[in-house]
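Both of the next two complexes hold chain A, though its partner changes from chain B to chain C.
== the complex of A and B ==
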């Protein structure tokens, strides 16, 4: 029996390495999911203190090669701490093939804040609702279908410690990468006044932004006066501006 | 780090006029938009079955962090913990003191009968052993009660709720909400509190948290405050209420420390360390059933004995040094009395005396040894040769002209003076700046001198008036 014959291999696909970003709140079993998927034995707490080191692992599934990047656990992506900045920059600017968000089923509401923020950046997201066993024990019933419907992205319930739901998760990841799943991510609706500003700014921003940056998300960051978004809009000719000159120019602009 | 290129600048130039002015307001609105949506979705996707543990937790959280009850409950718990400590520590303290001083007598006899030179007896027994005995009998019982109680609250998951309640206050003071957690760590030990400031990412806010950490009363200072409050404040009223009043006095000092933290944070963030507070999401972890055995073992071994050992290690040489200073004479006056004489005018202005100030200065290595040094200082000055109980301590202090005003000023100065040596070293390690380390010592010291001056002079004026009325 010839192994490869049964699998439809589309030339490039077989050799391409798909990057999956692994995001989530701290203490939701992210590292357990990481270990389960990659077969590695990474210890939890990959981001102790200030040393920001990325944990990476690889795995094969359905003849595709994946690299899983374990991001620091964060509650939000407001870039107010190093961890949040690292996570946000990776999801937005490193352009992973998809982002897998791990949630704690026992406190879904808090976890959804992060999910909604990630959905503002990218639509290539799969949600893994972990700790389903613990939630059941504590008397929570999480309706996975309802979540799928409400968020507009694939949602898989897991109990990573016992390995439940993980093969299904792998299949869903693969289906996403293969383009078999189309997502329609739920967007946060802000108060009307804010929405007007967002739309106006987003409209003006669109011509400047590369098509893979969500202009609505960029508009929100500018509204927060977070200009670091603009760092990544590279214009190769003018790369050698010194920080001093730039500061002066910014000051002039803001007058 | 930011390298905004020409394109970026063009964009800023075009967008800037469209941005509404109040940034923190917009940030809040963005966050609340996200939260509303998350709440909405989870309300539809999650079903909670019956009135289980979870709903109980939610209800409990609703009470503990409620707008009206949050602060009174915090105050009540703090008072309760201190009341139990003060009431409970009284008897064992007496017992330990009489036991340890009985041993001292036996040791003295042994030294005398074996014909040891008197200076050796002085350094070893009257210097080292006596200050050790005081450290142990004054500090051990309160710590053995206070730490398990505090660890119990920690283990239950109450501290994050405190941070939640205080967040708004810290934000208004221009500081980071997590500073409340570092402040709580400071109640254990300021050096540990300073190290814990690493959880704050913004350098500006971390520095504020580091500089104000000393305003959290640490373990080294709790025993001093508790015994002074018991001896002086407690005796102002009838016996039945004495522990209560002593407790309230300590609670008031702690509250003052918290207010000072907020005030100094506010002033720093308006002057030397200007900026806008960054915001963060604080997790309220689930309440856990505390493991009582674990709490007892952990708080007794890791904290009580650890702190006691540190005190003992520093108290022994400091006790010896104090004895030597008190028994080396320059033309009829001991060196100790000489220095005390120099410091006395300043001390009097601040409602204290020279010996108290020496005790604070010699207490630089560790706040724990303030009381032993003070006692040795007074003993060497003569009125009494033996001191074997808290009552005797009260008599000793009264003999040296102490009043409740003296006790109050000492308590205030204990809150507001330079941090201990270990803490200062930690601050230097964390900030890598001699300038900020010096600031960390000068800010509280200046405040302490100012506050004791005002309190002392104020109290004197009031005393004058009341004396005038009654006379």
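== the complex of A and C ==
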């Protein structure tokens, strides 16, 4: 067993296609990162809503096939616009093998909001701090090690326009997919009253949710009266539990 | 909640900046404004008004964002 583990990947592993979702704020160089990784010439440009729907590209690295899905740029994942809904539904319900979040090194404060929101959905996240060249020019020093430590996920600094950091990024993506990296994502802790409600709802919800949906995240959405998550409840676990009944029960919980 | 004599973002002249104190809206609209970086304590610079006077462009955490005056009115600020 130990010997085979160090051999090159064969069979199922080699043919499996790993899906990586590419998310981030508008205008942080997501499409440039996408093009660098896939070699595709997807149009890049500096205006809002450019990536209207998602674009896909593939690449091959260390014997593995990857499909990279370029999502629309958003500031948040609250599904208040079509763009946000596309991005959120993909990260949450399409079950990508991992999510690569690209952010702008020159305005991290703005960008980390989305990172924390994504970490509430999934722990399979790699952060790419792009535009490191521009940050340096503006006199910013970005402490990648500190970010890695604070966020509990792998963080890679890049300058995608010149290609700097991209090969390291590919290696980190590969290490994540191979299960060589264990993440301990930073979770937002809300005030005690809210935490009690979150825990209560999450506990009741867990048995009815597919195991790939984070019940804490689902509880938070329900508390915001966003019921779209209930559409993903599997009825094979309990046929008597329909989204309609659950919605009613949640409404009672919230009173 | 009404704070007497408080300024809202709409009262800040073009070229000046102010610090967010509170957001008066609730629900999805509040969430949206928070996601755009309008959290208490953040600095906002008024960059320019459109010819009709609405919307107005603001510089918030390194990004230029246009807000309707109806929304800007809900954002309380101080000029310190």
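As a working rule, the second predicted complex is superposed on the first by the 217 of 255 C-alpha atoms of A that agree within 3 Å, B and C clash if a C-alpha of one lies under 4 Å from a C-alpha of the other, contacts with A are read in each partner's own complex, and residues count from 1 in each chain.
Assume contacts are C-beta pairs under 8 Å (C-beta built on N, C-alpha and C of every residue); 3 or more make two chains touch, one makes a residue touch a chain.
Keep in mind that this is a model prediction, so the values were computed, not measured.
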Chain B versus chain C as contact partner of A:197, first or second or both or neither: first
Which of chain B and chain C A:231 touches, first, second, both or neither: first
Which of chain B and chain C A:211 touches, first, second, both or neither: neither
Chain B versus chain C as contact partner of A:140, first or second or both or neither: first
Chain A: partner with more touched residues, chain B or chain C: B
Residues on chain A lying within both footprints (that of chain B and that of chain C): 75-76, 78, 80, 106, 109-110, 113, 224
Chain A - residues contacting chain C, complex: 27, 75-76, 78, 80, 104, 106-107, 109-110, 113, 224
Residue ranges of chain B touching chain A (in the complex, touch as defined): 2-16, 18-20, 23, 26-27, 29-31, 33-35, 37-39, 41-50, 52-54, 198, 201-202, 278-281, 283, 286
Of all residues in chain A, those that touch chain B in their complex: 25-26, 49-50, 75-76, 78, 80-82, 106, 108-110, 112-113, 115-117, 138-143, 146-147, 150-151, 186, 188-191, 194, 197, 200-201, 204-205, 208, 220, 222-225, 227-228, 230-231, 233-235, 238-239, 241, 243, 246, 249-250, 253-254
Residue ranges of chain C touching chain A (in the complex, touch as defined): 28, 31-32, 35-37, 60-63
